[in-house]
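Structures incoming, each one as structure tokens.
Here chain A shows up in two complexes: once beside chain B, once beside chain C.
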Partner chain A sequence: MREPMRYDVIVVGAGVAGLVAAVRAAEGGARVLVLAKGVGATHLAPGTVDVLGYADGHRVQRPLDELPDFIGAHPGHPYVMVGAEEIEAALKWLQARVAAGPLPGYRYVGSPGENLLLPTAVGALKPSALAPASVAAGDLRDGGRLALVTIGQLRDFFPALAAAALAQVDGVQARAIELPLRAAARNDLNALGLAERFEDVVFRESVAAALHGRLEDDERVGFPAALGLQDPDGVWSDLQERLGRPVFEIPTLPPSVPGIRLFGILRAALRRAGGRIVVGGEVTGVEAERAHVRAVRAHVAAREQRHSTDWLVLATGGFASGGLEMDSRWQVHEPVLGLPVTGVPDPGAPRFTPRYFDDHPLARAGIATDAYQRPVAPSGERLYENVLVAGAALAGAAPWREKSGDGISVATGYRAGGQILEQVTPAAGGSQTTVSTEA
Partner chain B sequence: MPQLQADLLVIGGGATGAGIAWDAALRGFDTILVERYDLATGTTGRFHGLLHSGGRYAVKDPDAARECIEENRILRRIAAGSIEDTGGLFVVTPGDDPAYADRLLAGCAETGVPCEEIGVEQALRSEPRLNPQIKRALRVPDASIDVWLLVNGLARGAADRGARILPYHEVVAVHRGDDAITGVRAHNHVTGEDVDIEAGFTINASGAWAAQVCELAGIEGVGVVPGKGIMIAMNHRLVNTVVNRCIPPSDGDILVPIRTVSVIGTTDVHVTDPDDHEISQDEVDQMLDSGEQLVPGFRQARALRVWTGARPLFRDEKADQAGDREISRAHTLLDHLERDGLARFLTITSGKLTTYRLMAKDTVDGMCRQLGLDRPTTTADTPLPDYRDGSAFRLGGRLRHKEDHLLDEQLVCECELVPRAWLEEHVRASGTTNLDDLRRSLRLGMGPCQGGFCMYRAAGIVQGIKDLAAPEADTSLRNFLEERWKGVWPILYGDQLRQARLDDWIFQGLLDVEHLPGDGAAHVASHGRRTAPAGMPDEDA
Partner chain C sequence: MQTTHSPAVDGVLGDLVRGSLDHCVKCTICETYCPFSKATPLFPGPKYSGPQAERFRIGDEPQPDASVDYCSSCGICTQVCPQGVKIAEINTRAKARLHRERGIKLRDRIIARPTVLGRLGTPVAPLANYTLTSRPLRIVAERVLGVHRDAAVPRFAGRTFHGWARSHSSPPGTRTVAFFHNCGTDYYEPDVGEKAVAVLEHNGLHVEIPKQGCCGLPLQSNGLFDDARAYVRRLTGALAPYARAGHDIVGPATSCTLMLKREALEILGMEDEEDVRVVSERTYDITEYLLAMHDRGELKTDFRPLPQRLAYHAPCQQQGHNIGKPALDLFALIPELEVVEMDHGCCGIAGTYGLKSEKYEISMKVGDGLFRQIGAARPDVVGCDSETCRWHIEHATGVPSEHPVSVLHRAYGLA
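Let's turn to the complex of A and B:
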């Protein structure tokens, strides 16, 4: 058996929150291991960073300006402990990592100062703070004329639907074009399969040729978010050049190509900083003493491994990612540390209400923490000194409805990584202090 | 106002009504059928899918048992393609009285229901998930029946012979002469128009809603007590044989494998409103515990969808006055000429899906009697047009189709293996744009993800064909999500809760269906009801 391994930080979960925490800690000199049962929500999510899109029924234009009121109205929300400044810093940090990443020219644009309004695949306008430049090019804050294009073999994008809805927006004209191109032998492409095809210059040529003479002068051309995976900026630029007009991407059904790009960027940043990531490593147990996690056991490639660590970042996500679980007797569990879950309705009380778009009682369930993101019991008592919770596992948010999911993940992951760095002396393996105890 | 005329008007598009339309069309009557929503959205669609062998009734109700086995055999001939020959077991679980199995064997012998005791070991070999503690196992010829295939087959067969099948036509008035019923006024929920239908004869086949239709006709005292029962569809076929608990009929005594799921049922709570579909957590827990008794580990399986159905239990208040308070489970045919002095009007209610054909036959016979016509039924020997080849439903059919078209076909719904071409064909043929109707017709979105992936695709494909105005397309998608939610929120736990959150991710986080341009909800009224009103059935199976 191999020697047990030692880390400064073990991050559980390879979604945006976990990867951001891991990269930040690793770049600061910490020895970091990311353990994840599978890939995270990046592969499902549209790859935009939504900080705050809707607050109490209205669409948010300027997230940072509205944050104080929003925080006031939602005292248990993760943004209460993060605050506007750190959100802004976290997003800038992320933009820099993307720009310095392995995809040449690929970058995230926008700011939490003002939301972009990005068309979705059904034709809603979704407020997002940051987006890949190729997605942000579809911004409709100032309206415009759009031609939304798909390839018939793609089964996951229907521009006719989006165009019909978008045409209802003042100042927006939209129409759909379906190209009867054969992109692949199999008539059943998803976005990932199509992204591979767009890497091929011959295919791009055929797309441009099929669109030749069919576009109006002032039309922007929207494609499903499938414009390449290895060199998306090259694919995007090439299409803009060939079509002689702005081109943009619209995120569509999973697998999410922009999300997979983001995952690749963060993973590369982690490795560059000397961190390790094991996807397919399920945490099976945690050793703790006196409110400190000392080691993590994980099942990796049919073997049990034990890693000792000074810090644990819990970034396992909410119910969607398996970071929270509810059994058939309606009991809610946090599976890694068995932390208490807050925001769960009492037994017998409704967990959901009968209208889908309601604010459901269970929606904000999650792990309660102190101001440093350390988990606390319902009494407020701190449960672990060296555990920090980040991302969708945190209580208090309704990320999909608020359009705050990746904003929370980036900000709380960034903050968790930063807090650890304040405590870890670089390259001094074995050193360990706890964060100060006043909350 | 549009006017229509027919020899026969049938009210109700469940199995009984559609069966009557088919029977009457075969006997040469010019027939119109009206149904308030989509076909098979009342009690028929809110059903567990069991084609009874009669075993369940062999001890308590020998007549019902005889009817069931006879109809079971007939339906396997005439509607083969809607029936999967799963076979059935009655199992004695720990704590059940083993002697009941002897009574069941005796009852089956007396009523002609084939029933043999097999060894526990053999039962466990064929159904390895069964509770290993079972003490006895009896085999009967139960089967599972896809009611949508059946009812759509009946309706298509009738339509082929000239019947006019009018879904989304709700009866709002019954026209009454001095001594006869002469037709109805129906409200078309799609166009928002009313239509007058003049009929030589009218049959009320609205089942649990029969008393309401009688009231519209000014007929008093017809008592139909809706017996509400809960059913839960579990992901996967936890069993491949219908499994009955070998006890007197009780709550949670049946697990039916049907298509890609298995359905546990049911309860029987007398309610006042057949449209009462409220589901309590206690009932859900009761079903899960019952499932655990039959298949240990049941609670770890994913529950996909929950619904309730209202069985019509007939109680005639005129009979009550004569001191007969017995609620009948067998079907009831009311001849309103005899009962109320109103000619050309019959009500058929109660009964069970397995005997729908017999109910239809008795009803059309009753009409012929009143009209003095001699036209015998031929339904027992006439296969439905869709099922002429006589081959039974096979679970692997869709997979085989997909494998044969691996390269050329696009799947819309991976869970239920629905190819895009089927969807397009159905939308073109039926004209429907209602995603929930498409769900019933094609099983689109009935699998584990409950439409998470396919409903965006289906909405897009429908849009490509029908070029709907945006508000209509939006409303359709949103209404689908609302309807779906009704059937899933009471059973969200475990992996299915995780799945539901993933679906939220798609519909809210990615697509943002909640904030489509223009307030779709505000357009519901002005664009007519393509989707049934709130409180509308939410069945599955």
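Let's turn to the complex of A and C:
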């Protein structure tokens, strides 16, 4: 390109944090481009929004009530800069986007005021603030009787395992039913393939027929989260009607059908707001003048393309998504801007502990920021004026332990988008020296 | 057993492509987006056939599992992979090796050579077109060759784009571009090439049309890598002088421009060939080029209202350019044009895949969701950047399909 393409905001990463930031900025009138190496973690996560499920060893019932204590105890946590009010606003905003999305009747219920208690595919109870209504219908705060149903061909959901674990919870009775229906020609059916089958009314009829006479009156019926992709609310309602009792979805192994729905909803919102998205275009580096990123370089098929931008939102995720990388010499780095990664144990010190759900020394590694989500050096000095970090790339959280990952992503993405809309152009200045960071 | 390293495709880039399989974390995102494994149990999916099976493809040992043949090389898996695994490239190379091991069908050798077919068919276009539309002859062709009787095949135009180009004199412009016309434009749709040139010239560009041939993509798709390389060499030899002189190369056929940009390097392993490299860096898909001009304020926007409803389908290969959907941004400049974006994914044809008798039904099933989405949108026309996709979509839906540049041509009032 001889001259650059120009954007108000470039968001790197197409997970929840990136898409939320992009949609909010685009809806506010900014010209937005999302660049992502591939499809994001939405397709792997259950599609619920967990704001705070566990704090210091106990299960959280009311996240907003506990947030002040939690923030006090975790000074480097992303929630410190976001605060309860913004979390609440961000979740409401997300609910409105889902309700206005392309899936008729599909909606997210719940609030950060009180957690739902949702059964997982292995029969654990997961505290979530928001969930699709069809998932939230499995809420076990008041216990209940569950019949967990699956189609034998699905290899990724074992209701007997879930039922055995749930049956040990006070006030919960659970049993498993495996239907020997042949849903597809292939043997290795996954949740996505099953979701497509559930779109077919004839298939739903056959499921209802196979369950006829096998359910107790006060049982709720749990299915793997595969109740449709194009019209999930229609599929859910139809099954409830046919079975004459409440039906709910349990998120299971990837591909995550509720997560794919959420991705579709946010992508549609972005397009409606005039934003562009390029999946498969990996960012290879940026050009900066002093503390301002001026352009982003992305790999297109044969070459690099340069996109000028006023703002950059870094929403590339943590280690699992490649937003943070550790090399064979145990050096940790951030590949887009080369930002310093904080929270990495010293050489020789243990990075992990033996038990998976323990607090691992490396767990809170990430990008440190100022209160406005701008990246800072270990000295506290601001590195870029027009870069905001959102989501799992941020330092200070242990999301899978806290059950806070999506809450952080929604809240920091929402806040990043909002700040860009609010802020006047950052103060000009700095030399014309061009600094490049290479991936 | 003694094993030797296969010399067919390697090189540093080739090793990197294969080595990328180690980044696979089995997250299933490629399976989620693969249009072909959804449509047929004969294809177990990109993850299984790609990063998993590739580990067992060692040296010259024969491949025991032929299921990768049902991969269409549409490339969607590579685009969506969040870990950077070159799944489609691995599978295309595995497919080629499988074909070499098991012998390449006469049919595949024929349909992989559109220039040869074009040269044979053009002078006798009425007769050739009769052959292609005659039911009894198509049944014979299916039995003898294995080209499905119902598959959409194009009609010979009876004239060629390169013939038109010889007598066309492009006015001087602010800048010179070299026009890369593909075989489909040359023999079947010369009007698409003529309109593309008119649109470029309308925007002040001087268009040079060098003598050129096929990019080799159909050969590559059918496992004839050596022949494909020879075609790429010839074509890039013709285009490289323009690239070296600082001229951009612009083409309307999105899969062919992608072949020059990337696939010849990553799949055919030609990254060390100087002509290929310079051409690849200078090649643009025409919508990409026009949108970049618009972003620089260089595109004329004197569009007339086009009161039509257009369904836009971005072909898989267009998505492989990693440039988003420039056609949508260009359409947005046309007054009164109502555009509905199709987002169902692949139409199913995948170049020559859907022509094959054993794959036609799969191809129709892959496209079913798109065809229904098009039907529901009730468009006057389907916009689509790839000629084989357009033919397949017209065949399946009965809705006429146009290249985006033809739509721009009408909106400029150049007709």
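The rule is short, and it goes like this: the second predicted complex is superposed on the first by the 417 of 439 C-alpha atoms of A that agree within 3 Å, B and C clash if a C-alpha of one lies under 4 Å from a C-alpha of the other, contacts with A are read in each partner's own complex, and residues count from 1 in each chain.
The rule is simple: contacts are C-beta pairs under 8 Å (C-beta built on N, C-alpha and C of every residue); 3 or more make two chains touch, one makes a residue touch a chain.
Keep in mind that what you see is a predicted model, and the values were worked out from it rather than measured.
Q: Following the overlay on chain A, give me a clash-or-fit verdict for chain B and chain C.
A: On the shared chain A, the partners fit.
Q: Of the partners chain B and chain C, which touch A:Trp330 in the superposed model: first, second, both, neither?
A: first
Q: Could you let me know whether more residues of chain A are touched by chain B or by chain C?
A: B
Q: Mind working out whether A:Arg290 is in touch with chain B, chain C, both or neither, as first, second, both or neither?
A: It touches nothing on chain B or chain C.
Q: With both complexes overlaid on chain A, does A:Gln168 touch chain B (first), chain C (second), both or neither?
A: Touch partner of A:Gln168: chain B, not chain C.
Q: Once the shared chain is lined up, is A:Arg155 touching chain B (first), chain C (second), both, or neither of them?
A: Touch partner of A:Arg155: chain B, not chain C.
Q: Is A:Phe352 touching anything from chain B or chain C once the two structures are fitted on A? First, second, both or neither.
A: A:Phe352 contacts chain B only, not chain C.
Q: Just checking: does A:His58 make contact with chain B only, chain C only, both, or neither of them? Give me first, second, both or neither.
A: Neither partner.
Q: In the overlay, answer first, second, both or neither for which of chain B and chain C A:Arg6 touches.
A: second
Q: Go through the superposed model and pick first if A:Ile277 touches only chain B, second if only chain C, both, or neither.
A: Second partner only.
Q: So, A:Ala121: does it touch chain B (first), chain C (second), both, or neither?
A: The first partner, chain B, only.
Q: Using only C-alpha atoms, work out how near chain B sits to chain C after the chain A superposition, in angstrom.
A: Result, nearest C-alpha distance in the overlay: 5 Å.
Q: Taking the two structures together, which residues of chain A meet both chain B and chain C?
A: Of chain A, residues 41, 44, 185-188, 254, 320-322 contact chain B in one complex and chain C in the other.
Q: Taking the touch rule as given, give the residues of chain A at its contact with chain C in the complex, in rising order.
A: Those in contact with chain C are residues 1-3, 5-6, 36-41, 43-44, 184-188, 190, 192-193, 196, 254-255, 260, 271, 276-282, 298-303, 305, 320-322.
Q: Residues of chain B touching chain A in their complex?
A: Contacts found on chain B: 281, 285, 288, 299-300, 303, 406-412, 420, 453, 456-457, 459-461, 463-464, 467-471, 473-474, 477, 481-482, 484-486, 489-490, 492-494, 497-498, 501-502, 504-506, 508-518.
Q: Quick check on the complex: what are the chain A residues that touch chain B?
A: 41, 44-46, 54, 59, 120-126, 153, 155-158, 160-161, 164-169, 178, 185-188, 251-254, 256, 318-322, 325-330, 348, 351-357, 360, 399-401, 403, 405
Q: Across the complex, what residues on chain C touch chain A?
A: Touch list, chain C to chain A: 25, 27-29, 31-33, 37-38, 41, 44, 78-84, 258, 260-262, 265, 280-281, 283, 292, 295-296, 319-324, 329, 341.
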